[in-house]
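In what follows, chain A forms one complex with chain B and a second complex with chain C.
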Partner chain A sequence: MIAEIGHYALVLAFILAIVQSTVPLWGAARGDRRLTAVAVPAALLQLLLIGTAFLALMQAYVTSDFSLVNVATNSHSAKPLLYKISGVWANHQGSMVLWVMILALFGAAVAGLGSNLPETLRARVLAVQGMIGTGFLAFILFTSNPFLRIDPAPLDGAGLNPLLQDPGLAFHPPMLYLGYVGFSMAFSFAIAGLIEGRVEPAWARWVRPWTLAAWSFLTLGIALGSWWAYYELGWGGWWFWDPVENASFMPWLAGTALLHSAVVFEKRGALKAWTILLAILAFSLSLIGTFLVRSGVLTSVHAFATDPERGLFILVLLAITIGGSLTLFALRAPRLKEGGVFAPISREGALVLNNLLLTTATLTVFVGTLYPLLLDALGGGKISVGPPYFEATFVPLMIPTLIAVAIGPMMAWKRGDARAALARLRLAMAVVVITVLGTLALADSSTALAALGTGLAAWLIAGSAVEWADRVRLFRMPLAASFARARHLPRAAWGMTLAHAGLGLLVAGITGSSAWQTERIQVMRPGDMVELAGYEVTLVGVGEVNGPNYTAERALFRVESDGRQITLLEPEKRFYPVEGSQTTEAAIHTTLIADLYAVIGDPDGQGGWTTRIYHNPLVPWIWAGCLVMVAGGILSLTDRRHRVGAPARPHPARAAQAPA
Partner chain B sequence: MRQIVFLVPLALFLLLAGTIGWFMVESESEERDTQTLPSVLIDRPVPDFDLPPLAGIAPGLARADLGGKPALVNFFASWCLPCQAEHPVLMGLPAEGGVAIYGVNYKDPEADARGWLGKLGNPYERIGVDADGRAAIEWGVYGVPETFVIDAEGMVRYRHVGPILERDLERTIRPLLAELGG
Partner chain C sequence: MAPKRRRMTVILVALGLLCAAAVLALTALEDSVVFFISPTDLAAQAPNPDQRLRLGGLVKEGSTQRGDGAQCIFAVTDLETAVPVTYTGILPDLFREGQGVVVEGVMGADGRFAADSVLAKHDENYMPAEVAEALKKSGHWQESAETPAKPGCAE
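Now for the complex of A and B:
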C-alpha cells in the first residue's frame, strides 16, 4: 500500500512538473501574473510529492518489503540498518529518485527564498527546473520504476553489493548528487536569463552562492568516493582516472571555473555570456556524469549499475537538454550587454586565465574519458585510457593554474600590477625555494617532479597566508588592530584563503603519494617480518571472525619501529555469503603525515598468505585538503551578502577589499 | 562575425552527439559484447615465435607446430593460482580427442614449472618456455592464464582471458572446437 502511494506520488509529481514547466513560462511571456504565480506553489508541492515517494521507498527498504522488485534485488533482511537506508540510493532506480528529490529540494529553495528575485525571473527559473524534473520523472516512471511489485514475493532479498556496504559509500551518492543537481540552479538561472534576454547583478548574486554550495557538496562527494576507493578496494591508490571518477571530476572542474567567472560577473558585470556558457557546461557535464555511470557505455573498473537500454533514454534527454540550451545560447547570448572593461593584467584577467586553464583541463579529461568510446565506435578496437594520458595532459595544465592561484588574489580589479603583486609574494617565493631545496636534500628518492609538487604546494599555502596577512596588515600595524581587521574580514575572503590553502594541502598529498609511496607484496607466514619505511611489520596470525552478514579472515600485524610497538593492524578479507562475493578491508595506521596500509590476500595453501603493505606518505593530506576546501566553500556561503535579507549594497569599506 | 562565436559550443555538441548517436545505432545492429576482451589476432595467422622445450617434460613449441588440427595454446605459470584452478579442466581435455593442447610456460623458473607439472600432471603435448615473456607480447597476452583456439589452418579463432572453467568449456570452447572439426 505504501509503495503504491509512493508510485502515485511520482505520477502526480510528473504531471505537476509538466504544469510547472509550461504555465509560468507562458505567464512570464504574456505578463500574466496569475499564471506566473503558479510556479511557487508548484515547486513547493513538487518537493512534498517527491519527498513522499522517497520516504515510501525508504520505508520499503527499512522494513525489508521484498514484494518490491527493487528491494528484493538490492537488499537483504540481515543487512545492518545503515545499509538498508543507504540501499535506497545504492541502486539505479532509487538513486534516480534521490536525484529528482534533490532537484525538488533546490526548486523549493528558489520558491521559498527567492522573494527578492524579479517575479518573471523566478517564474522562468522554476519553469526550467520543472522541465528538468519532467525529463527525469519520465525516465523513472517509464524505464526505472522502483515501485514495481513482484508476486510471489521472495522470502529474502539478493543483497547489496558488499563493496557498497560501507559508511564512506553510504554518504557518497547523496553528496555527489547534491553537487550534480546543485549545478541545475546555475543552469536554470542561465536558461531563464537567456529567455529574458538580459541578466542583472541580482542574477549573479543568486547564482554564486548556489554554485558555491553545489561545488562544496561535489568536492565532499568526490573526496568521500576517493577515500572509499583508497581503503576498500585495497589497491593502495586513491584516484585511478577511471571513467566513473572522471565523470564526477569534469563537473567539478567546470563548476570551479563557473565559481570564479561568477565572481567577475557579480563584481564587475563582465563575462556574462561566458558565465552562462559555463553554467550550461557544468550542468551538462553533471548530466553526462549520470549518463556515463548509469549506461555502462564505458568499461570501467567500478561500473556497478549497467543498463544499456536506459542509456538511450538518457542520451535523448541529454541531447534535448544540452542541444536545446546551447541553441538558446547561440540565439540569445550575442544580445547580452557586457559591462566592465578590464586590462589583461588585472584580477579579472587572472580569473579569465583561471577559466581558460580549467576549461582546457576539463576538455582533456573529457577527451580521455570519451576517446575509448569513440575509438570503439569507429572500429578501432577497445582501449582504456589510463593514468599516463592524464599525467601527460592534465598535470602540465595544472602547473600554470596552481601558480596563478596565488597571484590572482594579489591583483587589483580593472588594472593590476603584476610586478607589485609578485613583489608582495616575495615571502611566499622564499618559502617555495626552501621547500624545493629541502625536498631535494631530505628525501632520498625524490625526483625533480616531486620537488615541483612540493614547491607548488608551498606556493599555494604560503601564497594564501601572505595574501591573508596583507589583507589584515599583519605586522604593519599593531597586532590588536590586525586582529580586528581579521575579525571584520568578509567571510568570503576567509573562504577563499582557506580553499586555496586546502588546494595546497591536496597538491602536497598528491605529490607525496605519487613520489614516495613504497610497497611490499609477498607471501607471509605467521611470524614473518617485513621491513618498510622504517617500520618492522610482523604477521602475528590470521583468524576467522563473524560479522553481521559476513564472515572474514582477519590478519593481525604487529608494527614496530626501533623495537618499540607502534600499533596493531587488522586487515580483513570478508566473504558475504548472500551475495557470494568478497571484499578487502584495508587496515590503515595514520600519523597524519603518512599512512601505513596493510591488506591481506589469499592463502597459498601452505600456511602462508599473500600480504600487501604500503607506506603512503602525505596521503592523509589529500582528504584534509579537500575538507579545508569544503570548509572554505561553506564559510564563504555564510558571507553577509549571501544571507537572506542582507542589504543589497555591501558596506563600502568592505566592498573595497572584496574577495575573489 | 560575433554571432558565429556563439554557435561554436552548439556545433561542437552536435558533432559529438552525432558520433555517439551513430555508435549507439551501430552497437544496436552488431550486438557488441561489452564483456570479452577482443584480440587483434582473431582470424589472422598466429604470430611468429619459436620457444625452447621444457626439458624432460615435452618438446618445444613454434609457429610451425601449429596447423594440421585444431589446437589450444594455453599460457600458464606455476606461480599463478587461477592456472591451478583451470588445470584439471585442461587435464580432462585430451581424453576427448581431436584437439592438441599446447602450453606456453610464462616467466617461470624451469624447475618450478617442472615440479608443478610433475605434481599436477601434464596436459600439454608441447610446451614452449617463454622465460622473458617475449612471445606473450607477440601474442598480446594480458595475463596468465590465457588461452587461444587455433584452427587447422593455423589461424587464431578465439581468445579466452582468465582460467577456463567447465562452464566456459561448455558454452564456447567445445562448440567452437566441434565447428572446427576437432
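Now for the complex of A and C:
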C-alpha cells in the first residue's frame, strides 16, 4: 500500500512538474501575476510529493518488503540497517529518485527563500527547474520505476553488492548528487536570465552561494568516493582516471571555473556571458556524468544495468537540455551588456586565466574519457585511454594554474601590478626554494617532477599564508590590532585562503603518493617478515572470523621499527554468502604523514598467503586537503554577504578589501 | 585598455591554450591508447613486444596455477584460442575460472602475456562489453547460466 502511495506521488509530481515548467513561463511572458504566482506553491508541493515517494521507498527497504522488485533485487533481510537505508540509492531506480528529490529540494529553496528576487526571474527559474524535473520524472516513471511489484514475493532478497556495503560509500552518492544537482541552480538561473534577456547583480548574488554549496558537496562526494576506492579495492591507489571518476571530475572542474567567474560578475559586472556559459557547461557535464554512469556504456561498479532503452532516454534528454540551452545562449548572449572594463594584469585578468586553464583542462579530460566511446560507436575498434594520457595532458595544464592561484589574490581589481604582487610573495618564493632543495636533498628517490610537486604545494600553502598575513597586516601593526583585523575579515576571505591552502595540501599528497609509494608483493607464511620503508612487517597468522552477513579470513601482521612494536594490522578477505562474492578490506595504519597499507590475498595451498604491503607517503594529506577545501567552501557560505536574501549592497568599507 | 584590445588578448590567450592542449592531447593519445584484442586475434598476429594491449575473454576452466612466489598463471580464452597469461600480485575479488576478465600488459617473447593489471567484472550478472564482443566474434556467445567456481588463484 505504501509503495503504491509512493508511486502515485511520483505520478502527481510528474504532472505538477509539467504545470510548473509551463504556466509560470507563460505568465512571465504575458506579465500576468496570477500565472507567475503558480511557481512558488508548485515548487513547494513538488518537494512534498517527491519526498513522500522517497520515504515510501525507504520504508520498503527498512522493512525488507520483498514484494517490490527493486528491494528484492538489491536488498537482503540480514543486511545491517545502515546499508538497508543506503540501499535506497545504491541501485539505479532508487538513485534516480534521490536525484529528483534533491532537485525538488533546491527548487523549494528558491521558492521559500527567494522573496527578494524579481518576480518574473523567480518564476522563470522555477519553470526551468520544473522542466529538468519533468524530464527526469518521465525517465523514472517510464523506464526505471522503483515501485514495481513482484508476485509471488521472494522469501528473501538477492542482497547488495558487498563492495557497496561500506560507510564511506553509503554517503558518497547523496553528496555527489547534491553537487551535480546543485549546479542545476546555476543552470536554471542562467536559462532564466537568457530568457529575460538581461542579468543583473541580483542574479550573481544568487548564483554564487548556490554554486559554492554545490561545489563543496561535489568536492566532498568525490573525496569520499576516492577514499573508498583507496581502502576498499585494495589496489593501494586512490585515483585511477577511470571514466566514472572522470565523469564526476569534469563537472567539478567546470564548477570551480564557474565559482571564480561568478565572483568577477558579482563584484565587477564583467564576464556575464561567460559566467552563463559556464553555468550551462557545469550542469551539462553533470548530466553527461549521470549519462555515462547510468547508461551502462561504461564497465564499472556504477553501471547497475545495461539497458539500451534507458541509455537512449538519457541521451535524448541530454541532447534536448544541452542543445536547447546552447542554442538559447547563442541567440541571447550577444544582447547581454558587459560592464567593468579591466586590464589583462588585474584580479579579473588572473581569474580569466584561471577560467581558461580550467576549461581547457576539462576539455582534455572530456576528450580522453569520450574518445574511446566515440571511436567504438564509429566502428574504429575498442581502445582504452589510461592514466598516462591524463598525466601527460592534465598535469602540464595544472602547473600554470597552480602558480596563478597564489598570485591572483595579491592583485588589485581592475588594474593590478604583477611586479608588486610578486614582491609581496617573496617570502612564499623563499619557502618554495627551500622546499624544492629539501626535496632534492632529503628524498633519495626523488625526481625533478617530485620536486616540482612539492614546490607547487609549498607555493600554494605559503602563498595563502602570505596573503592572509597581508590582509591582517601581520607584524606591520601591533599583534592585537592584527588579530582584531583577522576577526573582522569577511568569512569569504577566510574561505578562499583555506580552500587555496587545502589545494596545496592536496597537491602535496598527490605528489607524495605518486613519487614515493613503495610496494612489496610476496607469498608469506606465518612468521615471515618483510622490510619496507624502515618497517619490519611480520605475518603472525591468519584466522577465520564471522561478521553480521559475511565470513572472513583475517590476517594479523605485526609492524615493528627498530625492534619496537608500532602497530598490528588486520586486513581481511570477506566472503558474502548471499551475494556469492568476496571483498578485500585493506588494513591501514596512518601516521598522518604516511600510510602503511596491508592486503591479504589468496592462500597458496602450502601454508602461505599472497600479501601486498604498501607504504604510501602523504596520502592522508589528500583527504585532509579535500576536507580543508570543503571547510573553506562552507566558511565562505556563512559570509554575511553570501547569505541568501542579504541586503543588496555590502558595506562600502568592506567592499574595498573584499576577497575573491 | 580598450575593450576591443582586451577581448583580443583574451581570445589570443585562449587560442594559445587550446593549441597547446590539442598538441598535448594528440601526442599523449598516440602514446597511451591501448587497443583491445581477442585471444584469437592475438594468436594470429605477433604483436610488437613493447606494445601494450588489453586482452579480454573468459578465464579458461582449470587453467589457473601458481608460478614462482606471488605469480599467478592462467589462460584467457574466447573458447576458440587460449592465451597463457602471467600476473604477479593479488587477483581481484571477482576473478573466477569460467568468467569474464580483461588483462592489460604486453605479449612476452615466451608466448605468455605478461599482465600488470587484471580487471574482473564488477558484479555477478554483468560481463565486460569487450569480453562479450570477443565471444560473439568467436561464435561462442551464449546467455549462459553461470556455475560458481572457486575464486582466486588455484592451489
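Throughout what follows, the second predicted complex is superposed on the first by the 650 of 660 C-alpha atoms of A that agree within 3 Å, B and C clash if a C-alpha of one lies under 4 Å from a C-alpha of the other, contacts with A are read in each partner's own complex, and residues count from 1 in each chain.
Here, a contact is a pair of C-beta atoms (placed from the backbone, for glycine too) under 8 Å apart; a residue touches a chain by one contact, two chains touch by 3 or more.
None of the values given here were measured: they were computed from a predicted structure.
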Chain B versus chain C as contact partner of A:330, first or second or both or neither: first
Contacts of A:77 with chain B and chain C, given as first, second, both or neither: neither
Greater chain A contact set [chain C / chain B]: C
Touched partner set for A:538, first chain B, second chain C, both or neither: neither
Partner chain in contact with A:602 - chain B first, chain C second, else both or neither: both
Contacts of A:22 with chain B and chain C, given as first, second, both or neither: neither
First, second, both or neither for A:277, with chain B first and chain C second: first
Shared chain A contacts, counted only where both chain B and chain C touch the same residue: 299, 306, 381-382, 602
Residue ranges of chain B touching chain A (in the complex, touch as defined): 2-3, 6-7, 9-10, 13-14, 16-17, 19-24, 26-27, 34, 37-38, 40, 81
Contacting residues of chain A [partner chain B, same complex]: 273, 277, 280-281, 296-297, 299, 306, 308, 311-312, 315, 318-319, 322-323, 326-327, 329-330, 333-334, 370, 373-374, 376-377, 381-382, 602
Complex interface listing, chain C residues touching chain A: 1, 3, 6, 9-10, 13-14, 17-18, 20-21, 24-25, 27-29, 31-36, 54, 66, 69-70, 88-91, 93-94, 104, 119, 121-124, 126, 128-130, 133, 148, 151-155
Footprint of chain C on chain A - complex, ascending: 161, 163, 234, 299-301, 303, 306, 338, 341-344, 352-353, 356-357, 360-361, 363-364, 367-368, 371, 381-389, 392-393, 396-397, 521-523, 573, 579-584, 599, 601-605, 610-612
